[in-house]
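First, the structure itself, so that you have it in front of you.
Naming follows writing order (A, B and C), and every chain is counted from residue 1.
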Amino acid sequence: MDYHFTEEQGLLRDAFAQFAKEEIAPHAAAWDAEDHVPMDIVPKLGEMGIMGVFVPEEYGGAGLGHIERCIALEEIARYSAGLAMMVFTHHLGVAAIVDYGTEEQKQKWLPGMCDGSCVCGLAVTEPGGGSDVAGLKTVAVLEDDTWTINGRKCFITNSHCAGVTVVTCRTGEDEKGRPLMSTIAIEAGTEGFKPGREENKLGLRGSYTGELIMDNVKVPAGNTVGAPGKGMPITMKELGEVGRASMAAIELGILRACLEDAVAFAKERVLYGKPISKLQAIQFQIAEIRCDYEASRLMLYNAAAMKDEGTVGAEFSMAKYFISEAAVRSAKRLMEIMGGYGFVNEYPAGRYLRDAAGCIPSCGTSEIQKMIVAGETLKKF
Amino acid sequence: MKAEDINKILILDQGDPVAGQLLAKAYAVFGAETEYVVLKAHKTHNIALRMMEQTVREENPELVLIGATALGEEIAPALGVRFRTGVAAHCVDIKVNDEGRLTFLIPAFGGRVIGEIFVPDAKAGHPAIATVKPGIFQQRISLYDGFDRTDIGSAPSVRIIDVDALAADGSIPEGSKTQGAFRLAEITPRQRAASDIASAELILCGGYGLGNEETWHKLEALADKLNGAAACTRAALDAGWGCMEDTMIGTSGRAVSPEIYVGFGISGAAHHTCGIAGAGRIISINTDKDAEAFAASDYKGVFDAEQVIDALLDQIK
Amino acid sequence: MNILVLIKPVPDPEQEKNIRIDTESGRIVREGVKHVIDPESRNALEAALQLAKQPGREPGFVAALAMAPVQMKDKLTEALAMGADEAYLLSDKAFGGADTYATSYTLAAAVRKIEAEKELQFDLILAGTSSSDGGTSHVAVQTAEWLQRTHISNVCSIQLPDSTAGSSLIRVIKRSEEVMLTFEGEGPAVIGVTRDINKPRLVTAMGIIKARKKPLTIWTIEDLGINPDKAGLAGSPTKPGRLFEPETGRAAEEPWQTPEEAAAGILEIIREAGI
């Protein structure tokens, strides 16, 4: 058991951190303020190997694992959680294709997804409910080797920029009348398929979150990702292992931003003739943030290591639940440490709080995570 | 090597004031019993290196002093290998310690640390070699127009070797148009700052704490109005505000000794204090009350640089 | 064009303010200080990669060479991840305490060994002109002297101006205080580059994967066949004495309460000095 990064992972983290400092940090506040989605950075993310970090080399990826993927997301989110949302959602769709796609699908889509020329998306949530996946209403009917898809998805990240979206559709029923789903890939520009309203979000700004409208969209049967009827387990697995892990990594990045900014501010801000870092009350706040960060880090990378070994269970649920709540409280602590400065938009504390809160409903709310963790705990202990 | 073993010191004159500074320092440390030889060689690398090598062989000095210019920085280490001896680079001081040993003081880690360097086995035939940046030693003996610093005491006896490779009109001699296997194809003058900081009596220096290009330009305008020179730190230069490289002060830049130096928004990393240690009076303005620059200043003001610059521009109207 | 790059692992210059001297031993405290590839070494490596892999030319190879403690091996891996084809680390207790004379002697011995093994001569050896820790600007020049090759430092541009096949003409611009000097010639030569010659590429995930398969060789003093009294502290004609933090001895008076008072005070000082 080794809690330290390997030499390679350390190198990778330094490279991604340097990239984030140069390309993301100078613009993150503006992207948030203007809700501007920085599409021009996507090819650079491709060059760095971030877009396809876990995709096998033969398809243009870097062939690394999920620890490395989480490292990338943590480093991006440390400066821009909004951009990290675009990248993680892209990874969700890519993972579905890598894990369940046919050779033909992989050859067709993965290279562009790795070099940054094609952003991917995954669409599950509907106006009728997100937590209630089984209740989704988007329908796909197969006839003559063609799917006809009708429905609406909402709160979909990358809605307005994805080149390929993997959409979870209801495609039938099993012998007990329970719904069967399939995950079907739809390329942007397919007739009848288009993004609808774009949400104006409180946080995680600088990423597209919007509606997807499927109005008699016709795609070939060859666009089914994985076996037809297996859409539910495919969706749950990717959301569970890639989605939750990503949210945990993004929240970890936000947490680290809170920690670093809290320390920097405390050392600079002078009150009563000395920096406030000398005051115990501030020191206790910083200690709490630090412990939250270290515990979070261990939970996330432990879960990622287990996924790379193939043994992960509810660890990502635990990590996502714990880290997202820790990030929200750390952001609030940062605002308290910064006093008035924590409340003006010139400083990022408010953005961290908004972003941290925004991660909680994604890939399963804290309540959903607790249900999953309770279920696993009651079986195991 | 003990200072008393030094009988002859060779100094390279590349045609700029540093040779006079080196001579003044050497004389102050070693006195009139030592012989001083100055090689006046053209500024082109190839000639100067060959002539220095030849002169060292002929003259057998125990100590060689070379200005740490772009040229000097290549000649000194090359001589170090050719004469199997040690080279102390970018000395901030040369002295004789309590045990009578020749001691060089050099900066490391950007000047944050100063270290003593000795060349124990130096002797005639394997001289100790040291380079010093122009401006580190402020006292200067003018080599060719007579001696203009009477506080040195009696004038040293100096023998000047004038390389006859120098063409009378200052043009580059044929033989120096190569650097080893490379042929000199072109010389283009560099864009230089309007006033040379080396001779300015008042220098206003801007650091990263200026914050933006506009404030840098205000500092330039202010320097102009006060008849001083504007200078910058490495951080300000790298920020891309349009500072000129030949006005950068620091261990990787230039050393200056103006009568008055005012630093704006400089954190005072020691490399900077190495560059201005010889200044008359140093004033520092920085918002960080713990800025290292303050320890090296005569006067300090914990204020925003831009505000003070604005106030100055306002008050001199 | 085959190029060797001298790489120097140094304490991170951005953490310069954390450098401390242990007052008892008088030595620099290196523990806990993160080390990086010296910035100018990175520029040298970037220049080598651009020159050796120029499109339209026969690709050459780039070797990275460093003399450092074995814990610095990851800096060589980083050089491979940036794109170098091979890396060599010279690591031995006997190399410790080396000044630039002994360091360059050791590096030159390694260059000769690599060239002998590969039966070629490097067209260029690139290095930073000056490192951020020692800052002597000696090593590139002295390595060239040991190898008896041309050296040019303070180079801000290196180009291959002749696009005819097989041409190895190199054009180099050197910056000195008053002029820019343009030199042309063919190798072999040792060139010290400056920070502004290029912007070094970032390591990418793909680079790190590819680095796994590239050779990283570690040599001891025995592998190089150098006499121990020519290496390390023993082989150094300069010997270090005490280290100390510079004294500045100035008063640091704080006479002004507002920016306006400071401005007035500064003007007063300037007037008094008669400027």
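The rule is simple: a residue touches a chain if its C-beta (ideal position, glycine included) is under 8 Å from a C-beta of that chain, and two chains touch if they have at least 3 such contacts.
Just so you know, these numbers come straight off a predicted model, no measurement behind them.
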item	value
Chain closest to the middle [Cα centroid of all protein chains]	C
Interface ranked first by C-beta contact pairs	B-C
Where subunit A and subunit C are represented by their mean Cα positions, the distance between them in whole Å	40
Distance from subunit B to subunit A - Cα centre to Cα centre, in angstrom	55
Whole-Å gap separating subunit B and subunit C, where each centre is the average of the chain's CA atoms	22
Contacts with 2+ other chains: residues of subunit A	none
Complex contacts: residues of subunit C adjacent to subunit B	11, 13, 16-17, 19, 21, 28, 99-101, 104, 130, 132-138, 141-142, 144-146, 149-154, 170-172, 174-189, 236-246, 248, 250-256, 258-260, 262-267, 269-270, 273, 275
Touching residues (chain side subunit C, partner subunit A) in the complex	73-74, 77-78, 81, 202-209, 212
Subunit C partner contacts - residues on subunit B that touch it in the complex	16, 43, 69-71, 73-74, 76-78, 80-82, 84-90, 103, 106-122, 126, 179-190, 192, 201-202, 226-228, 246, 251-252, 259-260, 262, 269-270, 273-274, 277, 280-283, 285, 292, 294-304, 307-308, 310-312, 314-316
Complex interface listing, subunit A residues touching subunit C	7-8, 10-12, 14-15, 18-19, 22, 47-50, 53, 57, 62-64, 68, 72
